[in-house]
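Listed after this line are the structures, all set down as structure tokens.
The same chain A turns up in both complexes below, where it pairs with chain B and then with chain C.
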Partner chain A sequence: MRPWSLLLVVLVALPLVAGVATLPPHYAPDAPIHTHVGARYLERGVAETGMKNLVTAVLLNYRGFDTFIEVVVIFTALAAVLALPKGSAPMPKGSAPMPKGSAPMPKGSAPMPKGSAPMPKGSAPMPRGSGAIPKEAGAVRPREEEDPEVASDVPVSPVVRFVVRLLAPFMALFAVAMLFRGHITPGGGFQAAAVFAAVFIALGLVLGRARAARLVPVDWRPWLQGVAPLAFALIAWVGWRLTGSFLGYPIHDHTAQEAMTFVLEIGIALGGGVILARLFLEMEA
Partner chain B sequence: MLLFGLDLDYVAVVVLFCVGLYMLVAKSNLLKKLLGLNVMETAVFAFIVTAGMVEGGDPPIMVAGTSAPYASPIPHAMVLTGIVVAVSVTAVALALIVQIHAHFGTIEIDELKELP
Partner chain C sequence: MSDVFDIVMLTLLIATAVSVARARDLLAAVVIFSMYSLTMTLVWQHRGAPDVAMTEAAVGAGVTTVLFLITIARTTRREKP
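And then the complex of A and B:
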């Protein structure tokens, strides 16, 4: 297997190197990437969009459709992850072939509604008693049951716990700063979402998923997860009312444009962050 | 900087891409395959961003303190889109790997093939 893999890699690398060799000189100001539409954005971007950060201008204004579909993509990814059958949690070794009945799941009724679908799989003879998995998750699960409030999923050193809890507010503040200063500094909605999710995941690792999950209220989750596409739909409709074209921006009204992009940024930061956090919560073996 | 007439940055990107491809093809652990895919994606992002840079360029943020020439803003926006897609792919793949591990107790392709 290995020699064939290496051969394949070489076969792919050769055309890539050949292609790279034909590219225009690196960093040259007259390369096509700097002379076509990019130059136009740099020339008139500020006057047309009112945004100093032209990456945001391209992202939300010139190529707004692209970003609209992009937030739909990550929303769809979450939907796909949520649609996977639950209730197939690893069963303790050598237990009865029906893992459902014993229900060692601390999450209560959550995995049950879809329980009927994966049942055939659960009842099939599972070829896993052979001890091929040394790191069985069973060692972790009971701790969670004992005290779901404080127990984390993995043992965490006190130093890590202290540092994460100390820094979490500042990380969240940094995310907010990136969101609100994204128009004049590097940053913006997606970056803020990534930092928000990082805070959530760090807290989840230290404090335990159950406690971190309470940061995102269950009742609000469906709306928070969809808030990015919804914000885009709203702004697209507003743009249609104002200019007559879908996701259009009033080119001479910078105040309206800033308000519209600000709504989009907040929607992206909130929705993206919640989607990433929810993805982390769902990754439970 | 040139290496045998090639831009060293682009060569590094090709090397990174090939490292990821090798991980994707040669490893039998699904998690390592996914990591390889992510390395390949990173190589593509690095390539696009590198292509958008210009000699002595400033970031395309028109505030006091920056001056022409500016780096092209389009590659940055495109890579942002690409990163989101990469995250989505990684999330779905991870969820599937978790399911595979829960059902079969292994994520090694070799062992999965031998299962009845």
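And then the complex of A and C:
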């Protein structure tokens, strides 16, 4: 077994090393990435797209289709995760399947009626958003650990809790800044989405899942999860109406173009962030 | 100076990558992998790609680490021999 693995490693590594060895030196001005299509972006990007940040110009304009499909891929990944049957993985803490309404799979032996809300909401008749459940409310339900609103609180170090709570507003502010300044500085929708999700997950780990989950309104979640592809589709359609080409931008109408870019960035940030956060919630449940 | 930084960072990358592959303790592997992402962030920044560096820091070192940790918490910490 071992000699064969070694042989395989060598066989894979040799072409890779040979390929890397033939790469042009770092920062070489005549490297293909600087002379081929990149040079055109740098020379004419601002004039052709009317965007101030060339990275944004490439992402949303030159490579708009790629970004569109990329957003769809992220959305599909979440859909695939949600479609996984619950309770098939080995679960140390109780093997009961969780009362999720969203997974389109036959539930194992969950005795609860499936709610129509596609959210981690149990079917227990409690007012929405009442995360602070009194203890005796749990007695009504058959198994308390099935209720996703009850936080599975792991003891968190006070230092960690303090630091996270201290930093969370600044992280959120940083994400907002990246979103709104993304057209002139590094950053943009995807980065803002990742930082938003990081804030959410950090808070979720420290404060408990239930309190973090309440940050995203339950009724809006299906729309928020799909808002990135939806925003792209909307902007693509608007561009089609305005310019005659799918995902086109009216480069002469500066206001319209900025508005379209803005909607796209907000859609990416919201949709991406909610998708990452939902992945976290889904795994924790 | 720039070459020294690159050499140190790339050596660290290889070292962390090999350690992740060799680690039997999956928790240690996740932590080292997070360090790999952080090193990669510095490399991206050094190569003049701040956008990618930000994404790597937030997704690579932040979110995926948490997801891996949750997975370990729900499965097992030791790799099967």
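Here is the rule we go by: the second predicted complex is superposed on the first by the 210 of 285 C-alpha atoms of A that agree within 3 Å, B and C clash if a C-alpha of one lies under 4 Å from a C-alpha of the other, contacts with A are read in each partner's own complex, and residues count from 1 in each chain.
The rule is short, and it goes like this: contacts are C-beta pairs under 8 Å (C-beta built on N, C-alpha and C of every residue); 3 or more make two chains touch, one makes a residue touch a chain.
If you're wondering where the values come from, they're calculated on a predicted model, not measured in any experiment.
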| item | value |
| --- | --- |
| Touching partner for A:45 - first (chain B), second (chain C), both, neither | first |
| First, second, both or neither for A:85, with chain B first and chain C second | first |
| Which of chain B and chain C A:34 touches, first, second, both or neither | first |
| Partner, of chain C and chain B, that touches more residues belonging to chain A | B |
| First, second, both or neither for A:201, with chain B first and chain C second | second |
| Which superposed partner A:229 touches (first chain B, second chain C, both, neither) | neither |
| Which of chain B and chain C A:271 touches, first, second, both or neither | neither |
| Contacts of A:279 with chain B and chain C, given as first, second, both or neither | both |
| Touching partner for A:20 - first (chain B), second (chain C), both, neither | first |
| Which superposed partner A:55 touches (first chain B, second chain C, both, neither) | both |
| Residues of chain A that lie at the interface with chain B and also at the interface with chain C | 26, 55, 89-90, 186, 190, 276, 279, 283-284 |
| Sites on chain B touched by chain A in the complex | 5-7, 9-11, 13-14, 17-18, 21-22, 25-26, 50-55, 57, 59-63, 68-70, 72-77, 80-81, 83-85, 87-89, 91-92, 94-96, 98-99, 101-106, 111, 115-116 |
| Chain A to chain B touching residues, read off their complex | 1-2, 5-6, 8-9, 12-13, 16-17, 20-21, 23, 25-29, 31, 33-34, 37-38, 41-42, 45-46, 52-55, 57-59, 63, 66-67, 70-71, 73-74, 76-78, 80-81, 84-85, 88-90, 121, 126-128, 132-133, 184-186, 190, 272, 276, 279, 282-285 |
| For the chain C and chain A complex, residues of the former touching the latter | 6, 47, 50-51, 54-55, 58-59, 62-63, 66-67, 70-71, 74-76 |
| Complex interface listing, chain A residues touching chain C | 26, 55, 89-92, 178, 186-188, 190-191, 194-195, 197-198, 201, 205, 276, 279-280, 283-284 |
